[in-house]
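Shared between the two complexes below is chain A, which has chain B as its partner in the first and chain C in the second.
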Partner chain A sequence: MFDFRFYEIWRESDFIDRLINGVWISVELSTAGGVFGLIMGLALAAAQSSVSPSVLRYASISYIEGIRNTPFIVQLFFVTFGLPLIFNYRWPFEASALLAIVLNFSAYFAEVLRAGIESVHRGQIEAAQSLCLTRRQTFFDIVLPQAFANVWPSLTSQFVFLFLTTGLISEIGVEDLTWSGRYIADRNFRDFEVFIVLTLLYVLIVFGYKAIFSLVQRYAFRWRVAR
Partner chain B sequence: MTELIQLLLGEFHAKMLLVLLSATQWTIYLSLTAFIGGGLIGLIFTVLKISPIGWLRRLATAYIWLFQSIPLLMLLFLTGLGIPAFFKIDVPAWLAATVSLTLFTSAYMSEVWRGALESVPKGQWEGGRALGLGFNWILYSIVAPQALRISTPPTVGFMVQVIKGTSMAYIIDYNDLMRWGKKIANSQLDGAEPYIVYPVVALIYFGLCFPLSQWSKSLEKTMSPK
Partner chain C sequence: MTEDTNTGSAVVVEGMSKFFGDFQALYDIDLTVDYGERVVICGPSGSGKSTLIRCLNQLESHQQGTVVVNGTELSENTKNIEDVRRNIGMVFQSFNLFPHLSVLDNCALAQRRMLKKPKAAARETAMKYLEQVKIPEQRDKFPGQLSGGQQQRVAIARALCLEPQIMLFDEPTSALDPEMVNEVLDTMIGLAETGMTMICVTHEMGFARQVADRIIFMDSGRIVEMNEPEIFFTNPQHERTKTFLGQIL
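Moving on to the complex of A and B:
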């Protein structure tokens, strides 16, 4: 009854190449999406601070709520098939996928970072002001590092959760890990084995990401121990 | 009601909206089933996770870890395509979608509830034991009611994740809102361009999710123990 034929996957070098390429594309796009998403999320979170004009604040909140309350797949299809028709441009699918990932990630990161910024003690800002630091210095040198340190674990799990949804970009033809799996399963008809291998690869990538996040935590937030 | 929509949007778009709205019911059924089923299974594993028996705890840990690590997309592929191909059986899309989302929900829910149970101070357990109460009784009458206050907002918030998660079920041909949206957007009809259809689909999802996330936020304010 249990007739596992995993060898049907690694028998052909084409399949192996596709899998390796798929891992690379998935990691590449989600890493780029994570970095740009973090920058955009930071801007969105900063736009919500009490000193920013209320127009900006409401724009940021509406954007975040809009993204967080709709599925990624709808955003992806809109960005890939809708936007190019409105603005009359043609992008490769990878670029559209990256744009959708950045737009999606940024809203989730913004929410985490906002909580981080709010968690920084008021006295820290007052102390910075009494030392005549400018607003910019206060934000970037005092508030932000502490905010990051406070929410780094939540940021990690949020990123991992989001990474696990990026397989959807295979739906628009980006040759990521999920796409490679479907390519192989369509040819050797061993869907079950293929998706088990795919799941293992996803879990391995998650381990890799978690290791990187905890390395950053160990070295970047060293100053925290001094307290 | 139907006439009013037709009057406002024109016949074609009124029809489109009605098709999408009636497809939304399948999204709602799937979400509710997954949430209730996942909640029940999640509850069992939450209790196992804090039980005094070691191997039950390890079983629950393994279960929660497993179904949090498998991407929902892979769960859908495994149940919807993998199992039918492997065991040569026919699995209807709704069943595969329900099973996948239930497993997904149960793992995340038990994680949330375990966290809530553990945030109840240890002294509450000790107090119960000092009164001569057993594990089940302490859990049921002392710890769980306190944990409920903490866990209600994230539980409601997770419903949003479940609803968004159901949108992935269209890849195994479950006929929900997303699948109909895609069908209409691919139809090449005038007025059914992707930049019209997908925002409408997004708005419907938003209409389902936004009230829940606002509810979760207001619960967070009123129920936070202070």
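Moving on to the complex of A and C:
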């Protein structure tokens, strides 16, 4: 039987600090990426509505397909090493990681939100029209709240999945949770124990995110529970 | 009701035809409805009844002929279609209440957005009409918590909140359980008594007989017969009308 030696992690306060810092960096970047990704995803989804100009529509579709059909690691490298060459300007790797996360998340969110927008019954829009709401008011007051409610569970699991892919940012040296694990394992050679701890930490973070999502659901979409 | 700007008829439709692609849904419709008049439109399904009244507030656009509502000619290019729709309330078969808003907010939203009323004033007006449809105690519930009949009455109140001059009803009781039909019809009868101009697509012949000034019978996109209720029911002029009435009465 394999001899588990978890104390090889606990005994170094440096290792503990790295793990805490890793959790923080992962949560920070994913949360910011989630929020900005959602906003950008919303814009991408709205750009695909039938009333928007076809240039915008095709730009949005191309972007979404481009992101969803290429590996995140390639996008990450492009943003980190390609863009600075194009713009001839350097910025911190954390900023590159965040940008890559936002660009990546937004495409996935856009698809979920588009499904949500399309799921809103046509009669809702007709009722809004007959009550003289403008297109913009109809979108923000009527369509969007229902769209979010309809796809909230999908959005939750999509976000959790995307969060779990962010471990790849350790490849460019961003000191996230996965990077911290590598750092420790490279020093104490207890890879198995380290990755068990990493797994637990990722699971805990996911539980935290899910709790927040279901809190939003319970408060913002209580009209759905009510029926 | 102030109608100084609207001399003449509420609705004037002349030679109107409507196509869905190659399919012609309405043929050469002529129809005039005066202010305060109550018109009931009936006919078999697919005869174009709903399409006709949806053309009156531009939920559908027509391809030939003219539609004039409240003195404004409607076309796809009509500017300020909101100003026209503001004077036309519409009630749908499937209610189409906004499920994420409370009953009160369903009624207040359009007033706040369209009329730019402050929240309190909008809610006050909303309550007035919720009382008119006898449902004020449900104001804080969501539509999903109400019965079909209650939802439809809220939908009527919601439409009334913009204080329209014309009310369109598109089969308002067809989606209701039988025992809820009467509460909605009673609300509509009450509305008719206030002198509202009403155009109702319905198969409720009892309601038609009691309330309508005129009954229109449509078939295959055409107005087949148009008469006052007494004549329409006792002495229909067309074979098609007789068959129809024979089947539903």
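One rule holds for everything that comes next: the second predicted complex is superposed on the first by the 223 of 227 C-alpha atoms of A that agree within 3 Å, B and C clash if a C-alpha of one lies under 4 Å from a C-alpha of the other, contacts with A are read in each partner's own complex, and residues count from 1 in each chain.
Following the convention adopted for this analysis, a residue touches a chain if its C-beta (ideal position, glycine included) is under 8 Å from a C-beta of that chain, and two chains touch if they have at least 3 such contacts.
Keep in mind that what you see is a predicted model, and the values were worked out from it rather than measured.
Visitor: Taking the superposition on A as described, I'd like to know which of chain B and chain C A:Q129 touches: first, second, both or neither.
Guide: second
Visitor: Touching A:A149, do we find chain B (first), chain C (second), both, or neither?
Guide: second
Visitor: On chain A, which partner touches more residues: chain B or chain C?
Guide: Comparing chain B with chain C, the partner touching more chain A residues is B.
Visitor: Which partner does A:D141 contact after superposing on A: first (chain B), second (chain C), both, neither?
Guide: In the superposition, A:D141 contacts chain C only.
Visitor: Pick one for A:G116: touches chain B only (first), chain C only (second), both, or neither.
Guide: Neither partner.
Visitor: Determine, under the contact definition given at the top, whether A:W223 touches first (chain B), second (chain C), both, or neither.
Guide: second
Visitor: Considering only touches as defined above, state whether A:G34 meets chain B (first), chain C (second), both or neither.
Guide: Neither: A:G34 stays clear of chain B and chain C.
Visitor: Name the residues of chain A shared by its contacts with chain B and its contacts with chain C.
Guide: Of chain A, no residue contacts chain B in one complex and chain C in the other.
Visitor: If you look only at chain C, which of its residues touch chain A in the complex?
Guide: 57, 59, 82, 85-86, 88-90, 92, 94, 96-101, 109-110, 113-114, 141-145, 158-159, 162
Visitor: Could you list, by residue number, the parts of chain B that touch chain A in their complex?
Guide: On the chain B side, the touching residues are 69-74, 77-78, 81-87, 160, 163-165, 167-168, 170-171, 178, 181-182, 185, 193-195, 198-199, 201-202, 205-206, 209-210, 213.
Visitor: Under the stated contact criterion, what part of chain A meets chain B in this complex?
Guide: 1, 65-66, 68-75, 77-78, 81-83, 85-86, 164-165, 167-168, 171, 178, 181-182, 185, 189-196, 198-199, 202-203, 206
Visitor: Note which residues of chain A are touching chain C in the complex, please.
Guide: 121, 123-124, 126-134, 137, 141-142, 145-146, 149, 221, 223-224, 226-227
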